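Read the structure below first, then the notes.
Going in written order, the chains are labelled A, B, C and D, and every chain counts its residues from 1.
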């Protein structure tokens, strides 16, 4: 009994590449985790066991390393564009490529004697930068993002006026902590025709606007904060036409200190792990068809 | 400058509920992790800060616990259907609900004196069972699945005849270990009209067919094994009309022992972590439109 | 200004080795994660940068693979003893070796046609088996163990009669769930002189006694259960002279359903993550000096 | 058959407390994860099921929250000292307390309008600060530390001149990347008699010296770097008398690009996960008996 092979893709996931630029004594490093997914004329691989159209995942890994030398890594996006173009344009059976990249940032270790050789680094921690590059042989789709950016407002957050039903026990809050671990993805309007945007600068600016919008929004719900963050990016960065945010509500519950004869004046909180509210949403420009998928 | 609010959803994620049936001295337990995502008429929540249409995530959590008492937990799927129906049918602004559930299995602790009271359990380990129930007020969509099911064939796997390009270094293999950690999701054709399928039995049978297909397929690629696993389920389980598999290739590399004057006759392997091949694909019945999203 | 170099050790951690026995069509596999720590005459390595006494960690990794071929892997303990003896006896500067091993169990995939070739396996999940072998050139110390063994009693557990102070709010419990994730380590009396114990059988029996003691103890505290588990092992396994247990109290809190007009008759629980009680303790034979370190 | 109850301890682990200081519009936050372990006259709890001497772990959790209000959280160390003193001095059966604390750092979110209210924070990422406070009723032992501090030198590291045996395949390296994820613990000489050291400033300075020593040491082995880091702290911080470091060698392997007709001039590296070298060691002042345990 024959069935239909639907969407399929394959490639090497999580190739870890570190690229050092040593042109001068002041080295530069780029630290990426690259995942390749290819699709195309691959029915035979699945149905007959013929691998004639299969570019091995091992080869996609090798290509990541070779391209790090041949092209360098100017930015995660530019590097992914090189890879995606190669896999599709240079392999007839491959029709689509999706390159996902995580980038880990490093700072220089400051030393008192800063005449030093500039080869010492400390991982920045904080958020992971992400990039997803899609290419189908004619146009590109670039979605930049970040994850694990944890933020907290210790006031200027309320939550009240919601539906009450028979399962409601939550008390309305007029001054609460609002904390979340931001996962954001934003699509660039660039699709391959013109000069590429300045990816590094664009990332830094979007990140800044996300943080500022979170900090400056007086919030009546995490949904409202989400919308404010998305619109702030669209208002300030012309190269972006869609933003999607996933904001887990990292609950900080006020501890009841009355049994101990103490009054908790919004000072002592229990930071909970699970369960957590999860608020997700897309904000996009009018006329743009949103493409960033739901997680 | 106004922008468009696109797809959005919210709810309480990862509510951990354990339900004990104690009707007899031989207790039964169900151990679930339940995540609720609701969407509907929620623009005002995002745009104006009015929460009049917002059912708090705290309430969705309470509902999980209350329903565990009111309805019991016969299966993850049946429990999710109760929840989804309630959120949409009983809250006017809520138009869609998606319930995701992880289930952790427990075995009884065997004792030499098995006249014991039957209240002692040990976590089974192995795979996590998953269920995703969607409901839009008129029809249901139920996707059952599993993750973290790790399997290995120590022979009957080859890989050769693939594309060679300038970045190819992989040697062809005529007898290799094939190992993967299965993530599978399969959609039931049931959409709400008739009697529900026997979820527990269906799960056990699909799991068995996945394992058997993996074990009994002489493999020329993990893609071929994937297709064999998907079709095996469709051939044997009429209630399922689409299967999606994500199969990381957990590489086991033969260690070169020649420098030590030893011959490695497919006996000693290095189990690698990263990078790994990742093979993903859908198999579905003819005439069915596949809906399980790409991860 | 000179300071003193105190305890130091080094080696390759987490070498992942899978050994297949293919003598017959019914293969056997052993799946280990091996960590080597060596100490000895290594002051110069730290103080002067001379590596003359340093056996590279890369070599300790190679040795693990070579020994998997040369000696096979009969058990984690026997394999670790081979390694420890080699590192100390065959390298003059190395005076002590500590080999830590994690073992992951695999079951055979059952197929309806069990005349099959016996080369298909599924990871058992559940606990990880551990072994730690110490050797100083004259005697061995073997500590076997397990971790991630999660168990639950749905009744036969109470907790009351404890100290009450000004910070006490806990209500006494006369029927509660008792659940824990067992980490256990037990020292064998064997130190190298005689024939080695039957490691595989000993492990299976100790595991069984731990489970049975947990199941059969009517508990007034997790401490009491801990002591019962330790003594059960000592009473039944002459080869063991010390047991140490780490038992996190995986709290299952009864959900208050009264606000919803429901009565929770010990049926619906919230499984909490953090914080958790952590109960640790050693039980040993009289006259034996306990050596298993506090975690 | 009676056996001996050896070392035992218990308490609530991982109580997550966030303390906000809101005296002015410029809030301050402290974010801790506190684990309590108590020991003392607890034999009956284990042997007879009497809990008369047992201070419940729930109460130790409550005490953490109450003390966050009553004493504030000036530093992890000062807070742990308050807790340890209370548990031992105010509970007759409790003879020893060990408080372990992880601290997560937060930075202020910079905004263009820095006249803002100062209530917005972003998690710093990078290392976790640790503190362990021991108290036996007469003296304190304070071990401060950090973990997850990842550092990398892209040159000035060699490794050669080591032992070669029949299992050696490693090639000598004259210019390699040296990277590690530092776990450090250092003991303060303070034991309770006099004024407490300035914990916050001391931490910042020790961290700075660890980083600078890593950056400025031309390394012939990670062991040598370890010793340099430990002595740097002892040379510069009189309040510290013992340092222990655990330094996993986060291998960055040079990728062989020759098959692709490319020359890798120390530019493209594969960042490996497992296995990894693990280098551990203590450096202490003469005359001091080291107490920081081996991990």
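Rule of thumb we're sticking to: contacts are C-beta pairs under 8 Å (C-beta built on N, C-alpha and C of every residue); 3 or more make two chains touch, one makes a residue touch a chain.
Because the structure is predicted, anything quoted here is derived from the model rather than measured.
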Problem - Contact-richer chain pair (by C-beta pairs counted) among B-C and C-D - result: C-D
Completion exercise
So the chain most remote from subunit B by C-alpha centre is D
Completion exercise
Expressed in whole Å, how far the mean CA point of subunit C lies from that of subunit D is 24
Exercise for the section: Between subunit A and subunit C, tell me the centre distance in angstrom, where each centre is the average of that chain's C-alpha atoms. Expected result: 38
Exercise for the section: Calculate how many whole Å lie between the centre of subunit B and the centre of subunit C, each centre taken as the average of the chain's C-alpha atoms. Expected result: 30
Practice task
Name the residues of subunit C that each touch 2 or more other chains.
Solution key: 16, 62, 66, 167, 169, 259-260, 273-274
Fill in the blank from the handout: Seen from subunit A, its contact residues with subunit B in the complex are 1-16, 35, 37, 42, 45-59, 61-63, 66, 90-91, 93, 159-163, 165, 167-170, 219-224, 226-227, 230-231, 234-235, 242, 244, 248-249, 274-286, 290, 293-294
Completion exercise
Note: in the complex, subunit D contacts subunit A through residues 16-22, 27, 29, 31, 62, 65-66, 68-70, 106, 109-113, 116-117, 119-127, 148-156, 177, 211-212, 214-216, 252, 255, 257, 259-260, 262, 264-273
Completion exercise
Within their complex, subunit A touches subunit C through residues 166-167, 169, 259-261, 273-274
